[in-house]
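Both complexes shown next keep chain A, but they swap its partner, so chain B is in the first and chain C is in the second.
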Partner chain A sequence: MRTTSRVIGATKHIGVSRKRVEDPLMLMGKAKFVADIQLDGMLEIAFLRSSHAHAQISRIDLEKASKHPGCIKIYTSADWDTGVTTFQQHQGNLQPVYMPFFAGEKVRFVGEIIAAVVAPSRYLAEDIVDLIEVDYEPSPVNFDAEEAMKPKRREEELVHAEIPGNVYFTDRFEKGDVAKAFREADVVVKEKVEAARVSAASMETRGVIADWAWDDTLTVWSSTQMPYPLRTHIAHALQFPEQNIRVIALHVGGGFGQKCVFYPEEFILPWIANDLRKPVKWIEDRREHFLSAAHAKQMTMHMEVAMKKDGTILAMKCKTIADTGAYSEHPFGGLIDPCPGNAVLPGAFTVQNLQHETIAVLTNKMGIGPYRGTGMSGTTFAREMLLTKAARLLNIDIADIYYRNFIKKDEFPFLTATNQTYDSGDYHQVLDKLLKLSEYRKLKQQPRSLSSGRLRGVGISFFVEPTAWGSLAAEECGVRGITAHDTATVEMDPSGKVTVRSGQFGHGQATRTTLAQVAAETLGVRFEDVRVHEGDTDRAAYGMGTFASRSAVIGGGSVMRAASDVRKKLLKIAAHVMEANEADLNIDEGVVFVRGSPDRCMTVAELAHITFFDRFRRPSTDDVEPVLSSTRHYDPPLTYSNGSHFVMIELDPQTGEIQIKRIIAVEDCGTVINPQVVEGQMRGGISQGIGMAMLESLEYDKNGQLSNASFMDYLVPNALTLPDIECAHVSTPSPVTEGGIKGCGEAAMLSIHCAFGNAVADALSDFGILVPMSMPIGPQQVLDLIREAGTAKQ
Partner chain B sequence: MASKVGIRVNVNGTSYEREVEPRLLLSDFIRNELRLTGTHVGCEHGVCGACTILLNGHPVRSCLTFAVQVDGQDLRTVESLAATDHIDRRKDAMGNVEERRPSTDALSPLQAAFWEQQGLQCGFCTPGILMSMEAFLNENPDPTREQVRDVLSGHICRCTGYHDIVDSVMAAAKVKRALAEEGISGRDLLRRSYLAE
Partner chain C sequence: MKPPGFDYHRAASLDEACELLSACGEGAKILAGGQSLIPMMNFRLARPRVLIDISNIAEPNPVSEEPGGIRTRATTVQRVVENSSLVQEKLPLLSYAIRHVAHTQIRNKGTIGGSIANADPASELPAMCLALDAQFELRRHGARRTVPAAELFVTYMTTSLEADEIISSILFAEPPKRSGWGFHELARRSGDYALAGSSAVITLDGANRCTRARIALFGVAATPVRAITAEESLLGQVHSASLVKDAAHLVQGVLEPESDMHVTAAYRRSVAEVLTVRALDDAFRRALAAR
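For the complex of A and B:
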């Protein structure tokens, strides 16, 4: 289908940094997050979670607990023995992994739910949880993914008895002649690269409230990123009529992908509310969050790159082993890391010989879910660190390797080695801009060693980000089983004001603002006259929600389509009322006027009133139905953003401590709806990317106990970790999406950590060719690298 | 269950008397007993700073304080920042009276700067940051970016990368200094600027 023209009328609203309509409520402390909701007679729930990583449960004794005066009821798998299975249609050899809501005979990770205690308050519920007695018979813990794949003697040693070898998905892909390319290469770099297990750790933890009412309706508040799909899945799991369920997520305190998972609690709470006929509430505490909200990104990549002397990349090989934890989290499953990860291996480069292999392994840890950039963070790190090393071996600057291998701007659409179709971009321009802003070449000429004894390093990285996660994007990212489209409804009421109902759901991304901008622009009305509904299944429109850099493109596109329909209809009515030629009419700031004679005008409000209430003036209802609304669907083709990052660090070779001195980001995300919002996404992504690059790692010990399940021990960047972050833009509108919009949310997590690693390698360049091969790059790894260089010299 | 203890506190200028369990956290007291849910709880062990409130003018972590510890004292939460005397109507440039929009007209200079500079995204950590900065700007009306970062490092924000928060606080400091020089309160100025808009 042809896309609507890029800009209708003047660009009054698109490309403008509108202040976010979301903010005043939140600044005044009036926004209602799930924990803020109080219902009459509401009971609270605390969960008993497994303290063993892998064990048979031989006995659960509720006797003492149920005698506690505050105990209302305790639920276990004996009460509700059901669960969910990974989405698995059309996905190669993926085997279903069943996840029970309550662990029954066996627990598979520390933090798995065994029982739910209902009490008048959380304080009491936690008291009662402590009284439940559970006898465990521990089994050997599958701790390391590569160890877990080895044959087992007994069935109990497997994470799931029905999945032999603990491997539930494998895939192999090859394009071009990889073997020949490797034979002809001047340089081959081969490394094992590791990405740590991290947590998105949104500031608001998860939380669910469920309320059953006597008209047999269920209302569920959840801190989720995808209210509509959650409704569908609750209906399915509870066998409850979907039209009687309302899911509300009015304000969500950050998601980053982690809340794109349907968690057991989101089914258990509605089920208990239905069973008890009372409202129930559960708010996750921070320890529960670290233990049982999806982890992300743990992968081991065995990667090889073949290059010519002049820096041309001939071929890449990558075997990606993903440690996806005990369950394949519903709905995307543990594939969300390795599949997109391998799919983005070619990056911005023309290389056509590529081989990759995916292995998804079950271990006794919390399951893996999406998190900003998903597994793409890991594979881009592997690729860039190998390229950094190759550049040093060939004595070519990494920037020149980029220039040599870039897809040129006249080569789009470009089919990459992994069969992704890049739509547009101008990579040379973006990198030129970054190098100029950062004075990269000049800095590279200067000595690394500073008078303070510290070492300065500079690094850059270039990324291409698949955005607009619709069905095609999912497929091009190796997740075939997902059908992800969205709808939007645009309605004009009799007073000429506009309501937008969207399937997107912003939780920090300001979609209420940006979608209103798109609607105002397309319709020609005032921004203030548009209200956006989202995050409430009784008010919004069916859609998948906000994740995977999709909302600007899919939300924006669907709103653009629906608003364009309403505009056409309004103009048709206006032509009749104003006795003018439809083609001569235009709408601007809520006024319809005849082009060339602006005194012949009517307000949109007048026209809307006539449409609804004046049957003598409006056109015959046989010609135009007096309904000023439209619902449209959008499942866009994939569009690819690109950009580049620069990082300057100072490293103390005595202690390994690293300070970041400067960060610059240049990004091309096509048509920008709201520059301030885009820069917010860029800066926020950089912050999380730096966390992943230098600080964050969820540390399980050999017994499967998570040893840093608090913000005291799991370090995330604070205001002193990061410098000011400079942003710059290049814009090549997408030729394939509505309005030329591309996504931008995840970009930094495909790149900033690579620029950081590159800067570390640069700072250490006086010691030799030292390139970090695992994340996070903390002081210990830096010191190990320096020590390694010392022993190599002797 | 432990016996309850009577406490009396002044929160945002209103006096409250309640019977509480000694183990009740101040954060839960403010949120659940007083229903002032603007104060958020992000970690419950004093690291993230989302629950920061002002106790006798000084920032404290309400999740590390028991309600019984603040008996007889003076608290301020994020709900106290915006003006409560709503501007019901305002005139636009053409002299027409616009619709009632009290929620956006009553922000304090600090809140207005956060709005202007996008000092928040998901907004969960924001109330705590606002309270810390409210106290900080009273102590140090003319801070450097480094000083702001230093205070801000007691808070965790996962969305913004902190840059826009620092911008917001610097902008707020500037506005507040200008107001102090003119000898007018923030509310007067806001009211005037919105009426003139």
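For the complex of A and C:
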């Protein structure tokens, strides 16, 4: 046995800010996005999209268009009259909503696909689209959710004739004695709170390439977050054998939930490629993106909170009306906003009396899909703005309302008023840390008015985030129809290097880095010796993909399980080869050694080589199969992260302009695999949350036209909107997940906008009790609030 | 978002551009920095038949001093004017205002003449032409004329340029000695078109009385506007808070703002007045400090 000299150190991979292995390609501009893929003979597709929000189509005339010399073929519903129906399993009274891939007799929102034009270039394809003539017979537009719910005189006024009242799902929940709690309350706050319709607006728009080959295989490139489920759905829609389909999402320039929707284009392109036997490409332009990539978060909440004088929250009521657009986007549908939204109403608090109601309404707008934080952004905003107002009415700081109502660290596991089981946390410690870092108490003592004439305001917010979307998590968040377990395969090759095949798929989350860290830690090999495959159904393992703060927990857990199996197999072989007791062996940095006598050692590479090729040294294959791989599944229980945000603003009371001066975030997501990656999630989420809080709103007019379908008018935060974001951590590992890992991706969008709203109320406190009850909070909204105070005083 | 087909000519000189513009007739458009035209074409909202590209014309003296002011060639990119030491010294208001035009990358492509000819009422440069008494030299095939700023801006995105005319240069007047300036705008984000903006140039005599005033606003009407009544109310007066407040109130007479998805017309009215107070205060303060 050869001895190698080395240092046996406790090389920990988990908890280390490893540089992201994804970055070099991105930084060198060598990462491949869908638009970068070029295939021989590839044709391009442009879509004719409806210019009406709600109309019967009486005629589609392709004559002029098909005579254009560049026209290869035009497809409409006459060619392929199929679609998808809401993915419905065990979901209460949900009525399925059918979504055709091509609109047939009726269009239901501006941007809906009517025809697909195939041409040698996108330029020509768009010229040909211009030549298609469509006659529309407009119907009244269902513009406002609460209006859409009112009785209609004629069937064609409904978004879908088969769904009366435009309501396709309702739910009602009550726990405790809500009526009694409201009777006994010292203060009741009741408000209508509105969250705007927003778009995740990722840098890379959607895009699909489909290529059929003569061995009857279909390769599909798509900018998606869920390559495997997309493969399954394409196979189903096209009646094409699933084993012959390969879906590839090489790099994806942002998803944020918007790309875990299966869109008509993802079926139309493969179908056309199959029909034409030519590769076809479609890259969504920004206008199409705003019109037809899932929107999010538009909800109206009628909320009430009952409080005692001392700040104790006695009960909450919330009626949540979600404006979910014309179709229930596949697979989560519009329920992805109101259901999780209502489920997280209790937040970090012990309150046990709670009533909520969910109404999902169809309107003539683009459908709603998931977007970071989903509808939880809206209900947390409602709750926090009501608490902000209650705090002022009771003359108690909101921090003290938090402390009074917090679940204590020795009360876990804790069953909340909405029947979510919180696993762990130390909320007091997290809030203590935030208040100390921000000097919140001191700032609150100082005058609001600055010498510049501006008003300074400080705000905080505390969140509990449900993470690890597996099947149980989805159910605890009110979405019962989803089965979302995942698998991972860990393989060691003859040279002792490790390949991880994951069902997760990172598009910014650095799963290639963090899953390699988990595998290296579990196996005891070097980080550099692990490679992670994801995003390609011919290379990765079947999984649901990356969304809903699930990948660290589910990806990490499944890799941990599989790597642990491989480690056991390797040690069994090592024990035989090294003539040692298996229990005495350990692996560190790619070296197997006997505990206590580190000079008795062999490298993992030597052992792997022996396993594969040396039949004289390895154990009998009857005893131990020479296979160093394992595939494992993981569908974890829900685990809950928590954290807190601080925002300091300066507000100009004459113009309503707000500048953000400081943002601090404290996060407890259990075991941290890679602090830098977690902080990336914190900062990214905060940026998007601030966009939602102060800038973003998709504005439909009464005719159902989207007024701001470009980055000129749909305002996302830019580098100058935000200060540097300060991050801090607390770690209470989860007792219920593999490795104690909790998710963290959506956290900020359950909280930062609330801290911002709280800061606005604080800055305006000299004018009276002024609390914003709608997002976004722009200069107009600020001046309106001040004006209201002026009117109230007169 | 791909433009329909068009013909393309690259002009080697302004003379050639004028010739082409005259020869191509209707449907021909000048392409300078392309920062507004190209997106409009991609949205198929503008469908020029012919583009005459003047972005490669290298003219001598992009920014030069002459009696009465600073002349900039229309084809000069905004960033060059912004960073010109001559402009920074003689026309600090212009340099400061240009910094509010979108972002550096856009100012590296967008030209002075292009922004003026585009005549977006919310953009900074047209208003600066009013505040700085600009004169435009216009050219067409075989002819040229000079037009003062007050006569160029007709309405929303429309100028008094003839279809075959090109702006060739702009002469910005240098304010007299003992002048000061102020510029304030409000946008949703840094780099966005202003929701409303106001600028002022104030000149004082030895007794600190105002002898000359310019107030130009943008984003508050179909064109940039000069508030002449407000200007006149300042003449012969020394700075005081009430003087500035009353003068700023007089700008209301020239405002015809509209509501949009960001703010209401009433908001624009109220904020235009606030920004005018700030611009005037800054202008008086700088004029008092000037020699």
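The criterion applied here is as follows: the second predicted complex is superposed on the first by the 783 of 794 C-alpha atoms of A that agree within 3 Å, B and C clash if a C-alpha of one lies under 4 Å from a C-alpha of the other, contacts with A are read in each partner's own complex, and residues count from 1 in each chain.
In this section, a residue touches a chain if its C-beta (ideal position, glycine included) is under 8 Å from a C-beta of that chain, and two chains touch if they have at least 3 such contacts.
Note that the coordinates shown come from a computational prediction; the quantities given were computed from them, not determined experimentally.
Novice: Counting only touches as set out at the top, which of chain B and chain C does A:Glu699 meet: first, second, both, neither?
Specialist: second
Novice: For A:Gln780, using the defined touch cut-off, is the partner it touches chain B, chain C, both, or neither? Pick first, second, both or neither.
Specialist: A:Gln780: touches chain C, not chain B.
Novice: Touching A:Asp285 in the superposition: chain B (first), chain C (second), both, neither?
Specialist: Both chain B and chain C are touched by A:Asp285.
Novice: Applying the document's definition of touch, where does A:Gly508 land relative to chain B and chain C: first, second, both, or neither?
Specialist: A:Gly508: touches chain B, not chain C.
Novice: Scan A:Gly29 for contacts with chain B and chain C and give back first, second, both or neither.
Specialist: The first partner, chain B, only.
Novice: With both complexes overlaid on chain A, does A:Gly253 touch chain B (first), chain C (second), both or neither?
Specialist: A:Gly253 contacts chain B only, not chain C.
Novice: Would you check which partner chain A:Thr655 touches, where first means chain B only, second means chain C only, and both and neither mean what they say?
Specialist: After superposition on chain A, A:Thr655 lies in contact with chain C alone.
Novice: Examine A:Tyr123 and indicate which partner it touches, taking first as chain B and second as chain C; both and neither are also allowed.
Specialist: After superposing on A, A:Tyr123 lies in contact with both chain B and chain C.
Novice: Please name the chain, chain B or chain C, that touches the greater number of residues in chain A.
Specialist: Higher number of touched chain A residues: B.
Novice: Can A:Met203 be said to touch chain B (first), chain C (second), both, or neither?
Specialist: Only chain B is touched by A:Met203; chain C is not.
Novice: Once the two structures are superposed, pull the chain A residues common to the chain B and chain C interfaces.
Specialist: The overlap between the chain B and chain C interfaces on chain A comprises residues 123, 285-286, 710, 712, 717-718, 720.
Novice: For chain B, which residues are in contact with chain A within the complex?
Specialist: 1, 21, 23-24, 31-32, 35-45, 47-48, 50, 77-79, 81-82, 103-104, 106-107, 111, 114-116, 118, 120-127, 130, 145, 148-150, 152-153, 155-166
Novice: Which stretch or stretches of chain A touch chain C in the complex?
Specialist: 122-123, 126-127, 130, 285-288, 654-657, 695, 697, 699, 707-708, 710, 712-713, 715, 717-718, 720-721, 778-780, 783
Novice: Report the residues of chain A in contact with chain B in the complex, numbered from low to high.
Specialist: Touch list, chain A to chain B: 19-20, 22-33, 35-36, 38, 69-70, 123-124, 200-205, 251-254, 256, 285-286, 507-510, 676-677, 679-680, 683-688, 710-712, 716-720, 722, 724-725.
Novice: Provide the residue numbers of chain C that touch chain A in the complex, in ascending order.
Specialist: Going through chain C, the ones touching chain A are 1-5, 39, 43-44, 186, 188-193, 195, 261-264, 267, 270-271, 274-275.
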